[in-house]
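Structures given as structure tokens follow.
Both of the next two complexes hold subunit A, though its partner changes from subunit B to subunit C.
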Partner chain A sequence: MEVFIAQVINGISLGSIYLLLVTGFNLLLLVAMIIHFAYPQVVVLSMYIIWLVLGYTGNNLLLGTLAGVASSILLNLISAPLFQKVMEKRGEVDINSTMVVSMGMGMIITDVLSHGFNKGHPIAFPDTLAGGDAIVRIGLISILPGQVYAFGVGVVAVSAFFWLLYKTRPGRAFRAIAEDPSGARLVGIPLLKTGLQSYALSGLLGGLIALLLAALLGSASSALGEQVAIKVIAVSIIAGLGNLVGGLVVGLSLGIVEAVVQGYISGTWSNVIAFVIMLVVILAKPNGLFGLKI
Partner chain B sequence: MEPNEATTAQPTAPQPLLALENVTVSYGHVNALKNASIQVFKGEIVVLIGANGAGKTTLLETALGINTPVSGRISFKGEPIGGVAVDRNVRAGVCLVPEGRGIFASMSVLDNLLLGAHNNMKNAGKHRERVYEWFPILKKREHQIARTLSGGERQMLAIGRALMSSPELIMVDEPSIGLAPIVVNDIFSIIRMLNQEGYTILLSEQNANKALKCAHRGYVLETGTVALSGTATHLLNDPGVREAYLGA
Partner chain C sequence: MPLPLYYFLSITAVNILMSWALYVPYRMAHLHFLVVANMAISGYAAAYMVLSLHLPFGLALLAGFAIGAAVGFLVALFIGDAPTFAVVIVGFTFIYIARTVIENTEAVGGTMGLFGLPNIGGDPAVHRWTILSILYGLVLLVGFLIHRFDHSQLGRAASAAFIDKDLTTSLGIDIRKMGILLQTFSCTLAGGCGVLYGFIYKSFHLDYFTFHVVGILMTFIFVGGYTTLWGAVLAAPVLYGVPLLFPPEIASWRIVIYGALLVLVLVLKPEGVITTRFVYRVEALLSRKGLKQPPSTNP
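Moving on to the complex of A and B:
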């Protein structure tokens, strides 16, 4: 029982990261109308930038945080023209072509990280960011500060995101475009400008995720983005592409399943088991557990 | 079939609110509009009559800025607006109530209305009160999801949403489509009421009889060209129109 509780706690913090990633991915899918497969890779690039800034500033956490968030927003915004060029005739062009652009971007990021930073070795974040010792420890159950941050920031970020989506003018425009892009255009919602706002917002989310990943894992490698990217797109498809609420539930569940499997079987099997479960689900429900929203 | 015939039979108003001059629009190799010219003057109800595929929707959407004309000029209040982005035209006072209403079914009635005010949030409260005065049923349904509305209520919501942008010209594409006859009468009285309130209206309709009885002037579109134009009474009595569109 103790193992189970301990692993569920681990799973919740990991799941918080997955659900934030899926939310950013779905936002881009719904509003910018792109499949940004490499969104997690952009997040990992921001982790490297946080690491660089921490190194140069003698572990100044404030500057590191700002650099993470700013770089993530900037990376998202500068990639926008690339996607929009592909999407120019968005009525006619297959949305899948944006996925190819994104995958290319992801490969470039992975290669740059593995050649350009720290001689290709994984990077380690300082303890000040990772948070150091456990806050609570009862037998096998321990709660680390990074886990508390991940869950806490996850709850706050998701609440703020849904507040923005349902209570503000840009959020209303996001939902309108998600439901019917040409209808939104007819009532005078600027698709390009609103699309850019969604790039910026998913960039903001990405910056927060980069910080949480750094705090939770304490390290990063150039291959991290790709591993996570596959899970994020899997979660999005299992939940139902574009289904925001479904993404929250499935993202959190994946984190818990992975952690519990790690607790009872072996860490090396957790991916296999998680993907077998997802395979079964997608065979039974091809439109995802919660239904497609695009 | 003179393309410019439309411009000959106008009242003597100095400047049209909306004018299309020899506008051609093509989708790939197909010309959806060929040298179409129409004028709409302030305070008028003008109707576009034509069969399916005659180019009515294309004309309205082109005036809104959805399509960029291959040739020709479009102006609103004298300013050229051909190829200008939709949101700028909406800000300038043009709006469209699309065919099939274009209601966002998963959003609340209030959200749908506020979407109409997207470019004019400052006056949203004031406009909303007026929309609720004219359509009390929308106030009653304010927090309901638009999917739950009846066909007539959806049309009212779509018109209400258009009013939220404080337009001068309201274009309504096929307002009667899919509505019960009694509801169609309601919608046409709403259109007349809006016109009396000072809004200029450009309609497209397959239901030519009801539309012409409500309008001041009309244009008949055939395969993308203006085939005929004139006052509503003139068109109602035209033998060709009677045979083709009024079933007489």
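Moving on to the complex of A and C:
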């Protein structure tokens, strides 16, 4: 029972990161109308930037965080014209093409990370980032500061995001575009500007996720992005593409299931079980459990 | 035949066939990456049959095709009419699961891989010519079949489904059946390619069946042109061959080069280098030349 509770705690912190990732991914999908497959790779690149800056500044957390967030926002904004251009060439919204462009970006980021940083070896973050020893320890059950940060920031960030989406003017613009882009344009909502805001916002979320992942995992490798990318899109599909509430439920559930399985089955097999569960659900319900929103 | 030329020719043929395996279901907008997982599953299964059960190569190759077809068909029953992104994720998930299962299965060499596949016919020269003959025979056969498909009612139905699935359904076309057919065909092809790929190097290692392969194949069809089968025929030898001429420091960045090419082509020329219009123009030119044949000398 102790193992189960310990793994549920691990799962909640991991799930908090998944739900942030899915939220950022869905925001781009709904407002910018792109399937940003490389979004998790952008997050992993930001983790590498945080690692670099921490190394150069003697583990200055503030500068590391700022660099991570800035790089994520910048990368997202740089990619915006590419996606716009693809859609212009097609003369229509074509999320499949944007997905392929995004996969190309993912290939570039993954290979640059595997060649250009730390001679291709995985990177390790300083212990100070994870916050040191456990806050609570009862037998096998322990709560680490990194887990508390992940859960706390996850809850605050998602709450702030939903507040922004449902209680503010830019949020209404986001929802209007997600609902009906042509209608939104007719009532005077600037599609390009709002689209760019969604890139910046998802970039901001990406920077935060990079920091949380660094604190929770303590290390990163170039292959991390691909693995997380598959999970994020799988969560998004299981929830129903573009379904924000579904993404929250499924993201958190996947984190918990994955952690619980890891508690009982060793290493790589546990990941396979998570993937098999995702596969079965996708095969059974390709349009998602909560319904498509695009 | 020099060994580098043999490897270039054989891997180019595998690349063309695998690009076509992606091309066929993409005619109805299904990016079916299950083909890469199928390549690994069929290849490892066939290698196990040859090494442990001492089956002859021919039977193992047939088994590879059959395993590919079976896996492809079973999965297609569920995702024959699924949206593109769901098909993509099913493919990626399968690659990950297949890799992990193979990695942890000692009977197929685990992380070390499988080595010591025998020469077909005993002699290395016979082996190489046999592999090349089978591969290029397959290229001709599959190329002919895809050409016929592209010019058939089914091909036009797939083109319609690429643009608008709902409209295609309303015209009475069974999207699910078409998806099952195209996905099964592509997986069958991938199964055979997996076996042949292993017999080219006479070994199997999981390093080949990574997400990089997906990127490379995607680059071949999108840069070459995804609207016609000729795109892969042009892109596979050029994109695989040119980096081989680069100095090692640059060649090691070839995935970055592929990624950049992929993004650039999709942004600047979304249909790729060889377009349907280009192919029609060439076909028209050839048929006009055919009409202008010199008159017969017979009275």
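What we mean here is this: the second predicted complex is superposed on the first by the 288 of 294 C-alpha atoms of A that agree within 3 Å, B and C clash if a C-alpha of one lies under 4 Å from a C-alpha of the other, contacts with A are read in each partner's own complex, and residues count from 1 in each chain.
Throughout what follows, a residue touches a chain if its C-beta (ideal position, glycine included) is under 8 Å from a C-beta of that chain, and two chains touch if they have at least 3 such contacts.
In this text, all values refer to a predicted model and were calculated from it rather than measured experimentally.
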Is the arrangement of subunit B and subunit C around the shared subunit A a clash or a fit after superposition? fit
Between subunit B and subunit C, the one with more contact residues on subunit A is chain C
Does the superposition put A:M278 against subunit B (first), subunit C (second), both, or neither? second
Is A:R169 in contact with subunit B, with subunit C, with both, or with neither (first, second, both, neither)? first
Name the contact category of A:E226: first (subunit B only), second (subunit C only), both, or neither. second
Tell me the angle subtended at the Cα centre of subunit A by the Cα centres of subunit B and subunit C, rounded to the nearest 10 °. 90
State whether A:V187 touches subunit B only (first), subunit C only (second), both chains, or neither. first
Of the two partner chains, subunit B (first) and subunit C (second), which one does A:M107 touch, if any: first, second, both, or neither? second
Would you check which partner chain A:E179 touches, where first means subunit B only, second means subunit C only, and both and neither mean what they say? first
Touching A:H115 in the superposition: subunit B (first), subunit C (second), both, neither? second
If you take every C-alpha pair with one atom in subunit B and one in subunit C, what is the shortest distance in Å after superposing? 17
Mind sorting out which residues of subunit A both subunit B and subunit C touch, each in its own complex? none
Over in the complex, which subunit A residues touch subunit B? Could you list them? 169, 172-173, 175-176, 179-180, 183-190
Residue ranges of subunit C in contact with subunit A within the complex: 29, 31, 75, 78-79, 82-86, 88-90, 92-94, 96-97, 100-101, 103-104, 211-212, 214-215, 218-219, 222, 252-253, 255-256, 258-260, 262-263, 266-268, 270
Spell out the residues on subunit A that touch subunit C in their complex, using ranges where they run on. 35, 82, 85-86, 89-90, 95-97, 99-101, 103-108, 110-112, 115, 226-227, 230, 233-234, 237, 241, 268-269, 271-272, 275-276, 278-279, 282-284, 286-287
Subunit B contacts subunit A in the complex at 61, 64, 66, 85-87, 89-91, 95-96, 98, 102, 104-107, 111, 114-116, 118-119, 121, 161, 165
